[in-house]
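Chain nomenclature is as follows: A, B, C, D, E and F, assigned in order of appearance, with residue numbering initiated at 1 for each chain independently.
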Amino acid sequence: MTYYDEELAAKGREIQGKLWGNLAAGGGGGMTGAALAPDFFKLVQQFCFGMFWGREELDIKYRSLVTVSQLAALGKYEELKGHLRGALNVGWTKEELIEVMMQTAVYCGVPAGVNALNAAAEVLMDA
Amino acid sequence: MTYYDEELAAKGREIQGKLWGNLAAGGGGGMTGAALAPDFFKLVQQFCFGMFWGREELDIKYRSLVTVSQLAALGKYEELKGHLRGALNVGWTKEELIEVMMQTAVYCGVPAGVNALNAAAEVLMDA
Amino acid sequence: MTYYDEELAAKGREIQGKLWGNLAAGGGGGMTGAALAPDFFKLVQQFCFGMFWGREELDIKYRSLVTVSQLAALGKYEELKGHLRGALNVGWTKEELIEVMMQTAVYCGVPAGVNALNAAAEVLMDA
Amino acid sequence: MTYYDEELAAKGREIQGKLWGNLAAGGGGGMTGAALAPDFFKLVQQFCFGMFWGREELDIKYRSLVTVSQLAALGKYEELKGHLRGALNVGWTKEELIEVMMQTAVYCGVPAGVNALNAAAEVLMDA
Amino acid sequence: MTYYDEELAAKGREIQGKLWGNLAAGGGGGMTGAALAPDFFKLVQQFCFGMFWGREELDIKYRSLVTVSQLAALGKYEELKGHLRGALNVGWTKEELIEVMMQTAVYCGVPAGVNALNAAAEVLMDA
Amino acid sequence: MTYYDEELAAKGREIQGKLWGNLAAGGGGGMTGAALAPDFFKLVQQFCFGMFWGREELDIKYRSLVTVSQLAALGKYEELKGHLRGALNVGWTKEELIEVMMQTAVYCGVPAGVNALNAAAEVLMDA
């Protein structure tokens, strides 16, 4: 049985709304994984966004920077694109986000920086 | 010169047959890498499937679960799809395999879980 | 404010008890990280053990195998040792777990297999 | 021959000074690697700190957060400890940095979060 | 402001020319990342190729082998293809490079070897 | 039952002897993992050293460079130290190996380069 707490889910939806607006409504968008395992995305909304992102000890703008930085380090480029869109929505500029991708080259290697910039171009080029 | 021991290769083919049936016959399928380095896939059949998977100390069904779990952790999604097909053939259910992908999110991070579920959807959706 | 749902935490404690018995009581043991961020380990108990491990769709014995396999793949050796202890408690044998470490060499590389076996020796040698 | 541009090196030293004060003077501290390859650390000062950290497009405080986040994701815990000290010096609080380590668990997996918190405890416990 | 030292950039261009001939002229080719962050590729030319590859202590042919090996280990397959082309230009044979990809399977795992061979096929099949 | 082919094992021992001389005799040295799973190290001798390193298509000196590069990329520092000793024995100089570790910083990130140099110092400082 899949855990569900309405208050926690509402907290998660609030954070998702700040990052992605109406696009977040579906909780997983058009992804095939969301169709296969809808329960998973209900849990993610609760524990990832409700339990962690929702904590007041760190501002959502800074959490967004942490996440963008880690997705670039992990080489998870689809998620990176989603969170770069979110980063623009919570107050980071295109110029600042390009610098984050550039600094990735120093700490994670030049190929990681190149890949991150290629992924970012799709989101940031016209931002 | 490429090592070849018929007994070892036969043991490897037997395991590959349990996982993938006739599809395993080509030893590498339609992959371009197999055309470039056919010797490599002959060695893999012997050492990977013959020397390790063929050992009796751990059942093939559990070896399949180990492999699916590690491929999800490593982010090797093409191989993951192949081994999810194998996992269904050695007795795991669609529902169990979805749970493995979900648990991947906890130990390897949410993006790893999302990617694994997206890859798995291609194999499991109609299973 | 740290999320807390007693029912969810109880579910988590039940799983931790099956894996580690009384040792699990402290929720993080003697680790320095647990002293720095006690809230974190309360959340882990709820979302990792309560929300995921507690689901009935996959038996705890198989979840343990998934976790041991992924920790070996990730190179997280302290956690691996903890979960190898848990694996023995939920029904895996020493011989089976050695095979898992050996198979790690095939999918994650020989050095990963060697390191996993070195870590495992501390737990399994006298098991 | 090792590249050296005094202006670039001075820019690098300025950044290192903001992060670590006098401790940065040695360019590699007491590390054995610095004794083996002193040229390397001269290059790092120039390209890492001079060429990238020194750029005005992103504030040093945010570059510090990017770096701390990526080191936690990469599992480079000695460097993480060094950059957590730097993060305190450029304006992040202990409470904020603990949240970064906690969020690491969500994007990189629970074991990565636990390890990051254990490493951070050495720096942050008395901060 | 982006660092620029003509002597260092010239050294970098010289190395890029040995690896890729005229194709290197654009410093990033047709990649979208290069359009987003042209400064980054100017820095890469200077620090990656000028500061490191340009050092006399290790021959360019061996640096090429180091790079090809690490890109296969990191799973950065687009960069791997580019550096396999470079490796052919600085004196490695198709047969030697196939062996490198095969050995990757032993140290980084069979899936890493398979993926590296699949990527390499595009470059090496007709070499 | 553990696979054993005397000809293959002899080929493997020959390679190990070139890399490490008499130290290789024990097949795993004083490691605890070797005591836990002696079969594993017998298989490694056969498949890793006999099947792959023993192939004539790539010289042992170059295979050593590939391995050192990949171990630095993977962050497997104990194995790196062992293979740096082997690299000295098959003809690489201390100065060349230091350059490999430095180049690691460019492709795998500065922290990977720093860690590799720290590990290498133990082997190379007095070489």
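Everything below uses one rule, namely that a contact is a pair of C-beta atoms (placed from the backbone, for glycine too) under 8 Å apart; a residue touches a chain by one contact, two chains touch by 3 or more.
Note that the coordinates shown come from a computational prediction; the quantities given were computed from them, not determined experimentally.
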Common touching chains of chain D and chain A: B, C, E, F
Where chain D and chain E overlap in contact partners, by chain label: A, B, C, F
Pair exhibiting more inter-chain C-beta contacts, A-F or A-C: A-C
Far-end chain from chain C, centres as C-alpha averages: E
Listed pair (C-D, D-E or A-D) duplicating the C-F contact set, over half by residue number: C-D
Between chain F and chain B, distance of the C-alpha-averaged centres to the nearest whole Å: 27
Separation of mean Cα positions, chain F and chain D [Å, integer]: 31
Chain centre separation in whole Å, for chain D relative to chain B (CA means): 40
Sequence positions of chain E contacting 2 or more other chains: 43, 47-48, 52, 55, 71, 74-75, 98, 102, 105-112
Complex contacts: residues of chain E adjacent to chain C: 106-112
Residue numbers on chain F that touch chain B, as the complex places them: 1-3, 5, 8, 43, 46-47, 50-52, 55-56
Touching residues (chain side chain C, partner chain F) in the complex: 75, 98, 101-102, 105, 109-118, 120-122, 124-125
Parts of chain C lying in touch with chain D, wherever the complex brings them together: 28, 31-37, 39-40, 43-44, 48, 71, 74-76, 78-79
Chain F to chain E touching residues, read off their complex: 47-48, 52-53, 55, 57-58, 62-63, 65-67, 69-74, 95-96, 98-100, 102-108
